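Each chain gets a letter, A, B, C, D, E and F, in the order it is written, and its residues are counted from 1.
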Amino acid sequence: MATKTSGEIIRDGLWDNNPALVQVLGLCPLLAVTSTIVNAIGLGLATLMVLMGSNLAVSLIRNYVSESVRLPAFVMIIASFVTCAELLMQAYTYELYQILGIFIPLIVTNCAILGRADAFASRNSPGPALLDGAMMGAGFLIVLLILGGMRELIGQGTLFVDMHLLLGPMAADWVIEPFANYPDMLFMVLPPGAFVGLGLLIALKNGIDNHLKERQKAVQPTAAPGSKRVRVTGNVS
Amino acid sequence: MTEYLLILVSTILVNNFVLVQFLGLCPFMGVSGKLETAMGMSLATTFVLTLSSVCSYLAYTYLLAPLDLAFLKTITFILVIAVVVQFTEMVVRKTSPLLYRVLGIFLPLITTNCAVLGVALLNLNKNNNFVESVLYGFGAAAGFSLVLVLFAAMRERIAVADVPLSFRGAAIGMVTAGLMSLAFLGFTGLVSV
Amino acid sequence: MTRLWDFSGGVHPAEHKQLSTRRSIQAAGIPGQLVLPLQQHIGEPAEPVVAIGDQVLKGQKIADVSGGMGVPVHAPTSGVIESIGDFPVPHPSGMADKCIILKPDGKDEWCKRYPISDYRKLDRDQILDIIHSAGISGMGGAGFPTHIKLKPSRDRKVDTLILNGAECEPYITADDMTMRERADEVVSGLKVMAWILRPERCVIGIEDNKPEAATALRKAVQGTQIEIAVIPTKYPSGGEKQLIQILTGMEVPSGGIPADIGVMCQNVGTAVAVARAVFEDTPLVSRVVTLTGEALEKPGNFDVLLGTPVDYVLERAGLQPELVSRLILGGPMMGYTLTTTAVPVIKTSNCIIAATASELPAPPPEQACIRCGQCAEVCPMELLPQQLFWHAKAAEFEKAEHLNLFDCIECGACSYVCPSSIPLVQYYRYAKGEIRVQRAEQLKADRARERFEARQHRLEREQQDKELRRKERAKAAAEAQAKQKVEAEKAAACGEAVDKRAASSALVEQALARKKASSEAAQSRAATPVESEPEKPDIDALEKQLAQAQSKLETMQTMLEDARAQQADNVEKLERAVTKNHDRVKRAEEALAESRKSLASQTESQSIE
Amino acid sequence: MAFVQQSSPHAHNARPTSKVMLWVILAALPGLLAQTLFFGWGNLINVAWCIAIALASEAAILKLRSRPVAFVLRDNTAAVTGLLLGLSLPQFAPWWVSAVAVISAIVIAKQLYGGLGSNPFNPAMVGYALVLISFPVAMTTNWAEPALLWNSAPGFGDTLVAVASGQQTAIDGWTMATPLDEYKHKIASHTAVEVLAHPTFGEGVAKGWEWVNAAFLIGGLVLIGLKIITWHIPAAFLGALIAMSLAFGSNADQYAPLSLHLLAGGTMLGAFFIATDPVSAATSHQGKLIYGAGIGVLIYLIRSWGNYPDAVAFSVLLMNFAVPFIDHYTPPRTYGHHKARRGQPGRGRS
Amino acid sequence: MWTGILIAVLVLLGLALVFGGLLGFASERFRVEGNPLVEQIDAVLPQTQCGQCGFPGCRPYAESIAEGGAINKCPPGGESTIKALADLLDVEPQPLDAEHGVEQAKRVAVIREDECIGCTKCIQACPVDAILGAAKHMHTVIESECTGCDLCVEPCPVDCIDMITIEPDIRAWTWTPPAATIIATDRQEVSS
Amino acid sequence: MATMTQSIRRSAIGLGLFAVITGGTIAVTQALTDERIAEQAARAEAKALFEIIPESAHNNDMLRDTLILPASDRLATGGPVTVWVARQDGRPVGMIMPAIAPDGYSGNIKLLVGIDLEGTVLGVRVIGHKETPGLGDRIETRKSDWVKGFEGRSLGSPPPREWNVKKNGGVFDQFTGATITPRAVVKAVQKSLIYFRQNQREIRAQLNKTPSGQGPEVTPGDLTDESLNAEQS
């Protein structure tokens, strides 16, 4: 496996291989906690931290684990980071922690994290692993944010409601209400809206990708057809 | 008796793990649009979910709670689950190679299914006793299996539909899951557990 | 009264039968040219037994089959064989197939015939032989060789012999008119077949929209055990499986044949052909064809010589060319459209419809299937046509097969009712074809795998053997060396061996170099952007070509020298090859030089810019 | 001479999809008429508005997907979706509620799946369920009080104002809980006799509703007569509802009586017009029986023990969800086969 | 405080030791050998043995797929093989990778016999032994066995081997699917 | 066999090592955040209480200052009732009792009702319900101020007949489209007041007996369904 450049890692995490939109992993928290932006940020940050931490840790110890306990070991590392995050959130943003509920401990089973540990961190040195964790986490966070914003806006006609749960009292009146007299559209707040919302986001990304590909195809040719053939029957001279 | 039945109805239909509680979505979306594969996955998940629900209940009640180590629950549970999964794989492989061929490939996937850890944690939140934990685990798995199998059948149909390009694959899957979830909202209030 | 059952599904399309029943069957006459395809039936094509220029008599065998499944072809009239070759034949593909062209001499002179009056004296196999050599194949549908059908395997006893006079398709009246006018022949043909098969029951099934035919047959069967069953008109009651269900209540098992349940079904036209073959020794050289459709002035049934071009019979029926929009061979439900009127009438052609545009309008454009289930309601085989359609369309052939695609009889009832005008049957035909192709490919792939693996094994074995031998040789050499101190002769042998090995390793190296060159060339081709290709000649590729040509030339030259030395008989060929390779090298060099030049000039011009 | 080239059959009977849909629309007219007679102008206005929005949104999406607009619109299916939504929404539902319902029906439930024939869920019911959970207030408070058209207010103008402005003032006093809703939430604390004294029930089973349901029943029978639908789904649907009611609901002081189940709410509309949507229903006869019965059972369950007083939409959607599965296991037995081939082809390729 | 931490660590350590032991046991006791998938994949591949996939033969390619390789590298199999593979492996089908070649009509090799010099090079090259002939004698291709891989073409020193596209005859003809009108266009409607 | 024991040992030790490290990390973090979490949790749990009786109005540790009152059908709670007492400088100023409205649209509505010693409502908060989003959920303070309308009410004000929603001739608003939920809440608050009045003597006696805040900590969250749930049939 060729090592990737930082640019590729960044691009991968944020767009090309976005954990939520492309790998379609980590869906449970993604859908469960995105009824408002604040929830989304809370969970997204927690995930980002855990992802960076676990990637770094896994990368550091990558050469010292035996094959048979590799996955359990990774899982334990992740679990410990998650538990720490959980404890810290309890200590500093207790109400948000309450709202996010079991989805904080469930970060452990966020397939995206274990996936990264296994697929990337365990094969790369700490630097890139940390960057990869950060970018994957950021990609996840961004999707959470957009989905949260979308659901909050369409669902209840507000943005940034309850930000004080995360940032303290100073954020209490950040809330924006763009429409007067908005009739809440509960569909978006309830579970079905989460699914459909993410579906639309994925489609949007696909649409943009398709568009880009089309444009690229127009300018850049691909390799010549049939160039990778090998001989089956050995050396015939 | 009825209350046990209600737990089942509640976890399978009203609070369906996948469509209402948002647990176990990755395997739900990721497992193929093939009915038989989905059935294999369901079987495996049902088994593991029930078993790990019990095991984590035991681990918590008899190890962590007495020692006042509630904060270790996440790491303990995930360890328990990983081991249950491995152990199941082992036993199945030994006792029934046939069953193993059907279930084998799905078992490893289950470790990272949040439904499994979710059940363990929710059992705690709900103060479920032993029997309730068993039923809760089983009900969750049955609900998971139900929608997984129906969804797989549905995806086979969607696969041949003229879905707009951008929506092919995961996107239309999400929309479908959304509409299914909408339908499941019809069960709200069916049992107030 | 015969007990009747119903079959599920079915449709009632408008009949249009009266168009062609107003006149009795007329002889169509002898056209200027007869085109006789060598395959007019299921099975293997016949082989011509005449040569171009031969004079033949009416009824003379002009093509025969050596064995297996097939029937001979006879000259429908006397004349000269004009040519043998590919000509358009009636086939949905519109393709050409091998035909014998006969130029009638107008005398219509029969060859010698040996009619049989009392067939019961003969062996049953002799009668079957007569039927075979009369060239009879089923005249109601697929054209299955009748003599084979009449000889079911020993474990299948035919209890019920059914004569299919349902003629359920709209427009067609050939069987109707045959039954009306040739009832006696129908019955005597049936009796012959019954004698061969010894069934317990003989039934002639006729749809209730042909009362005249039923009356005529009733008269003809008086005094026999033969039943006349008048069945309700519903398409496709004439389908073999449906008719069997109507008359016996039994179903032909999927993938089986009627004889599996003790039933056999023959067309009334086939019966007539059998009767004529036995009692008159007349081979199958003509058949009744319905010519109908609103584009004809004088529609009706004609007794047409096989091989008569369609345009000739259409002419006889008063074709109004400006009115025809489509020309159908067969009925409107199952027939296929013709691309040209140059094709001949063959043994299975029962009807030609020259339809006007208003009569059979083009269906509206295909819409999406709404799963309305109308198609399933009318499917006589109780299939799920819409499901088959979805799978066929999505190329999920396995699933279509699983839903019993191959039980579809292509009756067209589903397409007939489909509100979205989906050409369902075409999808099924396409799917069936694809599946057959895939099966053939799979077979071929399996064989290729076997051969490949066998070859690998062989090579391995050879390799091992070689290795073994080499070792032995080395051992022997070592022993010899140990035994003998200095032996010049042996040493020389050793040197020779080394030489040989060196030569072969050189060959290997050469090959490797070639491969490398080719892969490099490929890479460079991959690397060069396509847009620049038209202007910039691909020097690398050309160089590679040159290298190849040169190496080939070298090999050729060494081979030639060898051959010369050995006075081998392929010297001449090799010489030609060497010159050819010389040419090739030269061409390659020229091309290379050319492109180098143009490249240089290009870079120049670029640098000037 | 160039002849038309075509695969057989060459004859076709002439009832294209557009006509089928037209018949559905015609068969629903008696129901619409009865609704107008008993509940005023609201349904008529809804139907008109919903059809307009349906056609407009379908046209917009087709345009986006660069599909032939005029050709597809002429198949009338969007109109049927609009019509059925218009028939099911509350009489005084504000215009934007109807619009959201119709747009989500056409855009999300139908066109995202590729348009006519591909949608696994009944579009109209997706639209209905979506607005029901999104705007519960608007969806529960805007039911007209049953009264004969000619001796009741609000008139056409008032109704139009109410629908178009979304303001309640014009219709204040003319709305009322539906009979099923009324029964459901009163019966916990009252006896059946007390509950049935409410004016919404009238003299018969459920004032007005009984006639509306009867009219839809007649329309449905017409559809069966025309062979546009088969009897299986409605029969299984109603049969299951009756069976459930007989089995569980004998005590009128606890559960709604059978007559109310059959003649109130959207029962007949659901049984004959909605559950029978060919695209989203099961295909084989056996499958249709299972599908219809499933809807009947679910309706009874949700009406009796769930939160929603009428449950046609949710039940239909739930069974839509099961349709591909049902279809897999209920193919008909084919001629010449002993048993039907259930399930999927095996994976092994030979 | 420290005792609390100690207890926690000890408990977890205990659990880990037990579970670790169990997993070690499992890993040793139940090793995975072989991969039956390879057989299944190989059965789907067209067995042309042409090497266009970049592997020396179909089976090596099957092995690479079983290990997660791309499924779109086999031009002779084309779309239908990709679809079958996708079906088998439950993945999304992808379009054929043009770098490995494009799907072509089925072909067979034909040796122009009067030019053949009998060098046997083509015989050595043919992966399925579809060429008959002895040294210095004319060679012929057994048409029914030839997979159309064209591996014999290049080695021929006198270029006497042609790849002939198999033309469908009337017996091999099959129906084409109806012209793709997912939804007929407005234009069509006007013209009909 | 040797490889097996070796493998077991290696895996066990490997995993054990991780256990020590990860367990240690967690345990240390836990130890460091322990106190703060407890404090936060208590604050959060008590938040509903403080909304009813603000911290400025009392200065005892309400969470630990509880009374156990006899069970009653009125409150629809299954067992004995735990009541929190607010005191200003040791003098009781009010109390908060849990109540259940059993006839909500879907299931029970869990309430806290604050009452001063005169029987006047200090405040009402909903701490758990399953009412329909968009309809019945406007009893939450997040969604509307409706519950604040109870403040200052008492059994006599309004008169008993008007302790009802407007639709039934009372003084309390109903929500558009949802009468059942508010009616249920109104009924439940009224019943709590009646309960308070009936048990007034007992309450006063207990209030005087138990000195401020030594009992075990009880939070509203601790009220399990068993102790709250009326319908355990």
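Simple rule for what comes next: a residue touches a chain if its C-beta (ideal position, glycine included) is under 8 Å from a C-beta of that chain, and two chains touch if they have at least 3 such contacts.
Being a predicted model, the structure only gives us computed values, none of them experimental.
Trainee: Figure out the least number of contact steps between subunit A and subunit F, where 1 means they touch directly.
Mentor: Graph distance in the chain contact network comes out at 1.
Trainee: With centres defined as the mean of C-alpha atoms, identify the chain lying farthest from subunit C.
Mentor: The chain lying farthest from subunit C is F.
Trainee: Taking each chain's centre as the mean of its C-alpha atoms, which one ends up farthest from the centre of subunit E?
Mentor: Of all the other chains, the one whose centre lies farthest from subunit E is F.
Trainee: Sort the chain pairs by how many C-beta pairs are in contact and tell me the top one.
Mentor: Pair with the most C-beta pairs in contact: C-D.
Trainee: Which integer distance in Å separates the CA centroid of subunit D from that of subunit F?
Mentor: The computed centroid separation for subunit D versus subunit F comes out at 44 Å.
Trainee: In whole angstrom, how far does the Cα centroid of subunit D sit from the Cα centroid of subunit E?
Mentor: 50
Trainee: So, what's the distance in Å between the C-alpha centres of subunit B and subunit A?
Mentor: Distance between chain centres: 22 Å.
Trainee: Could you grab the centroid distance between subunit B and subunit E? Build each centroid from C-alpha atoms only and quote it in angstrom.
Mentor: That pair's centroid distance is 37 Å.
Trainee: Counting only residues that touch at least two other chains, what does the list for subunit E look like?
Mentor: 4, 8, 11-12, 15-16, 19-20, 23-24, 26-29, 49, 57, 99, 127, 175, 178, 182-184, 189
Trainee: If a residue has to touch 2 or more other chains to count, which residues of subunit F qualify?
Mentor: 7, 10-11, 14-15, 18-19, 22-23, 26-27, 30, 105-106, 132-134
Trainee: Hey, what residues on subunit A touch two or more of the other chains?
Mentor: 68-69, 72, 76, 79-80, 83, 87, 184, 186-187, 190, 192, 196, 223-224, 226-229, 231, 236-237, in rising order.
Trainee: Sort out for me which residues of subunit A touch subunit E in the complex.
Mentor: Spelled out, the residues of subunit A in touch with subunit E are 67-69, 72, 76, 222-233, 236-237.
Trainee: Can you list the subunit B residues touching subunit F in their complex?
Mentor: 71-72, 75, 127, 188-189, 192
Trainee: Where on subunit D is subunit C touching in the complex?
Mentor: 1, 3-13, 15-17, 19-20, 71, 75, 77, 115-118, 227-228, 230, 278-279, 281, 283-284, 327, 331-337, 341, 344-345, 349-350
Trainee: Of all residues in subunit E, which touch subunit C in the complex?
Mentor: For subunit E paired with subunit C, touching residues are 42, 45-49, 57-58, 80, 83, 99, 115-119, 127-130, 136, 145, 147, 157-159, 169-170, 173-178, 181-184, 188-189, 192.
Trainee: What residues of subunit A sit close enough to touch subunit B in their complex?
Mentor: Going by the criterion above, the answer is residues 24-29, 31-32, 71-72, 75-76, 79-80, 82-83, 86-87, 102, 105-106, 108-111, 114, 187, 190-196, 198-200, 202-204, 206-207, 210.
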